[in-house]
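Next come two complexes, and both contain chain A; in the first it sits with chain B, in the second with chain C.
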Partner chain A sequence: MRLTISREKLQEALVAVSAAVPSKTTLPVLGNLLLETTDRGVRISGTDLDISVSMEVAADVETGGGITVPARKLSEIVRELPPSPVKLSAMGEQRIVLECGKSKFKLLGLPKDEFPAFPSVDFKSAWRVKSGQLQQLISHTAFAVSVEESRPILNGVLWEVREDTLRMVATNGHRLAKMEQPFEGGTKADFIIPPKALEQVRKLFPADEELEIARGENHLAFRSPFVSVYTRLIEGPYPPYDQVIPRDNDRLATIDKAELLSALKRMSVVASDQTHRVKLSFNSAILKFSVQTPDLGEGQDEIPVRYEGDPMDIGFNGVYLLEILRYMPTEQIRFTLKHPERAATIEPEAWADSGKYMCLVMPLRLVD
Partner chain B sequence: MPTARALRLCPGAMVVPVPRQVCGVKSREIHAVLTRFTPVVQGASIDEWYLDLTGTEALYRHEPLRETAHRIRSAVHEATGLTVSIGGATTRLLAKLAVERAKPKPGSGADGVRVVPPGDEAAFMATVALGDLSGVGPRFRERLAAAGLTRVPDVLATPEDRLRRALGDNAAEWLVRRCKGIDESEVRERESARSISHEETFGRDLTSDDDLGRELVDLVRRVAHHLRGDGLMARTVSVKLRDHDFRTRGASRTLPSGVIADRVILATAHTLLDKLRRARRGPVRLLGVALTGLEEADAEAQLSLFDDPGEATLESEKDRRLARAVDAVRKRYGTEAVVPGRVAERPAPGVRRHRPG
Partner chain C sequence: MPRIAILSSTVADQIAAGEVVERPASVVKELVENALDAGATSIEIEVEDGGRGVIRVIDDGSGMESDDAQLALARHATSKIREASDLVGVSSYGFRGEALPAIASVSRLEVLTSIRDGEGAVVRSNGGVQEPLTPASRRRGTTVSVAQLFFNTPARRKFLRSARSEWRAIADTVVTMSLTRRDVRFRVTSDGREALQLPPAATLRDRVAAIWGADYADRFVDVDGVAGPIHVRGLAERPADAGTASRRVFVVVNGRPIRDLGIARAVETAYRSTLPHGVRPSFILELVVPVDEVDVNVHPAKAEVRFTNRWGTERAVEQVVQRALGTSDATPWIGKAWAPGVASVASPEIHLPPMPSPAPMAEGLFADASPAPVATGTVPEPMAEEPVAVPDLVQLRRTYMMYEHDEGVILIDQHSAHERVLYERFMGDMARGSSPSQRLLFAETIHLDPQDADAFESAADVFSRLGYEIESFGGHTLLVHAVPTPHPRFDAIRCLRESLAALSGGRSASTHARHEHLAATVACKAAVKAGDLLSRPEMEALFRALARCTLAAHDVHGRSTIVRVSWDELERRFGRR
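Presenting the complex of A and B:
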């Protein structure tokens, strides 16, 4: 293998695929990137066996071939190189020489055959989605996944593809985010995808690009002409989230998002580090906040709201509310409630988008 | 002596079960009396408490500690009909040793109170056998005896480097401190809540997994009830097993969050028991369940979206509601009003009754 590539192109590809390289691994080859020549240049791939990312970049190929190279060292070298063409030449199966201007490096690698093969996915029946649409779905839901290992199914984002909609749902069992977008040409399919893979999809594909998505046996693959992301799917039944979405919440508040955010941030300062408990008291024109934390102190605040329904006190984990508000796309939000121990919903008010977005959050039981 | 061995030696002996519930009630009654004398009362077991009387001297008009102790003793007797023995000293270690001398055993001449006055600690310690120190178990005592050490003065007379060689650095250092009567541990009210455990020594060794499973259900029911009664939740569940040959083994598991419900504690304990049984099978003479990692039950709990937590060792809101409902029934109709089916249908309680026949 012998080729010449611009330093910028190489750097771009290394940054993209390095995200899939595990920081610690018992299998040495996973700490390496696979470099292979193609008709168009060179393809660089990295994997942690759960997620595999590859990117193809233009290069002048003199001799074809492939080799694996330590990911960290290669990235660190390329980052410091001057903006000149980079010459990569494999010396046998396990050594590569990198030259750029007056700089010259020899790195020990591993034979390309040791690099795990990417999952086999057939793109013949792939469906096509605008990357921007996926990005919107991912960024508004993935934050809500569980990070606890006790229930692996909740560590993923549920992606429901329907004939006319794309829907993503994520929850940690206490709060939930759900977004759907209109879509054409889908066939019914459900996947549970690790958020780390979705984050790569969100970052690596430009918003205006159209992606091909196809399913392998236990994998899902996203592909554009130059970039591919493969991810392992999380197996198992997703909890029946639709059943817990309240349909009869009859107390309705319309709140200014910025005001709510800043009041909650103030309250969070004195809220308990463990429960982050904030009490909200809804009244016809005023939303009152109060926090009492033993050994720390207390705080009160209030903001104007439009509220329909009987007055009600309800407790929440302030962090859950703050997170949800951060993703609400409109200036006003709609908050619906039923009972101090039932789920509350938060939705954008007068959203000019064709999609639908809702979050729900379970309260903290109040004792006083 | 294990009950089984006692029965082998005295086949005609009558064994009666311990009325645990009544003991618990009495224990709480005694505790209530003790707190009248000082706010700092630490329960060490069902029938043992430490009281810190520091700062109460003026309250009792600077009377000698001995007199206050007798006053406490009479108050307990008056309120509960039970007699207690009281040991008094400047440290917990000495008070614990003193109470042994306070017990009015026949011929001892003791009157239920023994106080080691400040300044007399060394003289008192000089009369103590090493085996009486808490923390010196049978095996350690044997090692000490092998090194020619049986009483506190033996240790204090031995050069420390010799002790270190014979017992190891840590044990030697610990023993010397004990023998000098040094004990910096404080009396703390809340320390009693470090763990909640119940164990059962069986009248007859149990061999079948089914029998053990049933005993486990009963033990879990007790610890869980106790846990909730104290307004606590537990993070760690432990199971202890003593095999017929007295080998004691244990296993524990820490859960992702605190739990209160029987179902979850039982599911966890079952996994642990299975693990212990897989490692070594054979007749079992004792089974115990302990809950540790105790924290105040979070009354302001975060509610969950899904009632089914998806895994047996995770607790759902439904589990908690059920546990509280059972407690409410037991509070009204007694602790035996609601028991698991397997416990209700078992042939006889854990301790067999033997009647002279």
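Presenting the complex of A and C:
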């Protein structure tokens, strides 16, 4: 293998792909990147076995071939190189020489056969989605996944493809986020995807690109002409989230998001750093907040609100509310409630988007 | 019917001796006490055949005038008190004038004594019958030899145990005295072989090291504190070391070694929750109690005393020891942070009353109209807490937090520390009867095997106090609707499962013990584990929480949460000194 590539192109590919390289691994080759020549240049790939990312960049290929190179070292070198063409030449199976201007490096790699093969996915039956639409879905839901190990299904984001909709749902069992986007020509399918993979998808593809998506045995692959992301799927079934979304919440509040956010932030200062418990009291025109934390102190606040329904007190984990508000796309939000022990929902109010967005929070019992 | 007759004084002495002189070790005790009372700085004890042959105690004390030496063998002859009122606060070991005559009446006794070097006299007695005094010569001091103990009371002699076990009792006696009087040199020989050689020691720890070795002395933390009018000091075994060597318990009250179950129990209470069930700590404690609060004349061998305020005395011991453990010598370094929450002394038997429910809030933030504490036995709330200074923490091996301190390097075991934090919080939650509880979107179903179901049934109420809302179906299937959220990484369902598995089988009798056991179990399961990567804010929060714990230095299994390596030690290891 012998090729010349611009330093910028190489740098771009290394940054993109290194995100998939595990920081600690018992399998040494996973700390390496795979470099292979293609018709168009060179493809650089990294994997942690769950998620694999590869990017192809233009290069002048003199002799074809492939090799693996320590990811961290290569990236660190390339970052510091002057903006001149970089010459990469493999010497045998395990050694690579990098030259750039007067700089010259020899690195020890591993034979390319030791690099794990990418899962086989057939793109013949692939469907196409606009990257921007996926980005929208991912960034509004993935935050809500669970990080507990005991329910691996909730560690993933549910992606439901329907004939006319794309829907993503994530929950940790305490709160849930759900977003829908209109779609054309879908075939019904459900996937549970690790959020880390979705994060790569969100970052690596420009918003206006059309992605091809295809399913392997238990993998899902996303690709554009130059970039591909493969991910292991989490095995389902996903819990019946639709059944727990309340339809009969009859107490409605419309609240200014900025005001709600800043009141909650103030409350969090004195909320317990363990439970983050905040009490909300809904009244016809006023939403009152109060916090009492043994050993720490207490606080109260209020903001104006438009509220229909009987007055009600309800407790929440303030962190969950703050997090949800961060993703709410509108200035006003709609809060719906039923009972201090039942789910509450938060939705954007008057959202000028074709999509639908809803978050749900389960209350925290108030101690009295 | 036999007629009543006055007993001869010899018989009377023999009967009295039954109380004072039980076995060779009691002879040693009386003779050593007399030597100490005579101001000896060096005492030698020679024992033959476990004290059944000869007991000889040689001192360099004041000695006796010839007349006094003869008188000393007479009953109620004492130089130490004159009036009954002298008994209050009596500081000498002896005060009854009973020991020597009692011993004399059941042995062949010889007292060789001198008040000036080169002078002196010998008094001998056979079964209490004195021989005429003869002049003799020795250095200033007294030698008392007791031969053929119980030669004239065969019934008593029969009760003597083997030479070995009598010898062991003598050794214990001398050790006890030597712990009490570190300023005095002790030397003990048994059948001519030296068994113990103790030079004067500056500290109790030094004396312990001289008796049992330096390693053994290292097992203890220093106890030194005052509670009310009582001063308690000494050594208490580190919880982590308790149970790993034979248990030794010594209690000294106003300079007198005594036995006292109540005080021993108070010490154990101070260890509560730092020791596994059934493990009991070693300790050596000296109490200084106002002289009018203790009566020393209640036991024939002076082995017990009576406290006028026993409850107060025991609580003082508990409190000072608990403070010493909570601030064990690993912890004082952690700045003021571990400064003892003195109010932590809640007695175990007393159930904490539920917290007063928060009064409706007054106008404004932090209204000072805080809920008025109910007068009777409310737990004082540690409100205005001093902020904890958090050092720069580094995580090692995803297991320990480390930081630098003026005196060395401190390591904190993250799991143990978190366990301790959660345990104390859970105990608080249970006492209050409730804790915040997060409702679940999807009720979680758990199937239990019969043991776990059993465990659940007996602990259901406590789980609910911890914040679990659980519905039980037919005993073997649980539906969990709400869970506690003690910390952001908490995995409530796994914790519930594992706690049930750990609880199955064991069942504690009292409610408090049950709560403790459950809190400890759940804390263990809920705490972050070794291997969990902690962010800096997480480490800081843990440090702060640990600093506020009552017994920060130990986890619920009695292992250390905190280990320190002093600069001294590091410098030794690097050969810098």
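The rule we apply is simple: the second predicted complex is superposed on the first by the 368 of 368 C-alpha atoms of A that agree within 3 Å, B and C clash if a C-alpha of one lies under 4 Å from a C-alpha of the other, contacts with A are read in each partner's own complex, and residues count from 1 in each chain.
The rule is short, and it goes like this: a residue touches a chain if its C-beta (ideal position, glycine included) is under 8 Å from a C-beta of that chain, and two chains touch if they have at least 3 such contacts.
Computed from a prediction, not measured in an experiment: that's the story for all the values here.
For the composite obtained by overlaying on chain A, chain B and chain C cannot both be accommodated without a clash.
When both complexes are overlaid on chain A, the residue A:315 reaches chain B and chain C alike.
Contact with both chain B and chain C is seen for A:341 once the two complexes are overlaid on the shared chain.
Residue contacts after overlaying the shared chain place A:293 against neither chain B nor chain C.
With both structures placed on the common chain, the touch criterion links A:151 to chain B and to chain C. When both complexes are overlaid on chain A, the residue A:254 reaches neither chain B nor chain C.
For chain A, the partner touching the most residues, choosing from chain B and chain C, is C. Within the superposed three-chain model, A:273 lies in touch with chain C and out of touch with chain B [touch as defined at top].
Of the two partner chains, chain B and chain C are each touched by A:362. By the touch criterion defined above, A:176 lies against chain B and chain C together after alignment on the C-alpha atoms of chain A.
In the superposition on chain A, the residues of chain A contacting both chain B and chain C are 148-151, 171, 173-176, 239-241, 244, 275, 277, 315, 317, 341, 343, 360, 362-367.
Put simply, chain A touches chain B in their complex at residues 148-151, 153-154, 171, 173-176, 239-241, 244, 275, 277, 315, 317, 341, 343, 360, 362-367. Interface residues of chain C, counted against chain A in their complex, comprise 355, 357-358, 361, 365-366, 381-383, 385, 428, 432, 434-442, 444, 467, 469, 482, 485-489, 491, 493-494, 541, 548. By the touch rule above, chain A contacts chain C in their complex via residues 147-151, 171, 173-176, 239-241, 244, 272-275, 277, 290, 292, 294-295, 297-300, 315, 317, 341, 343, 360, 362-368.
Residue ranges of chain B in contact with chain A, taken from their complex: 256, 298-306, 308-311, 314.
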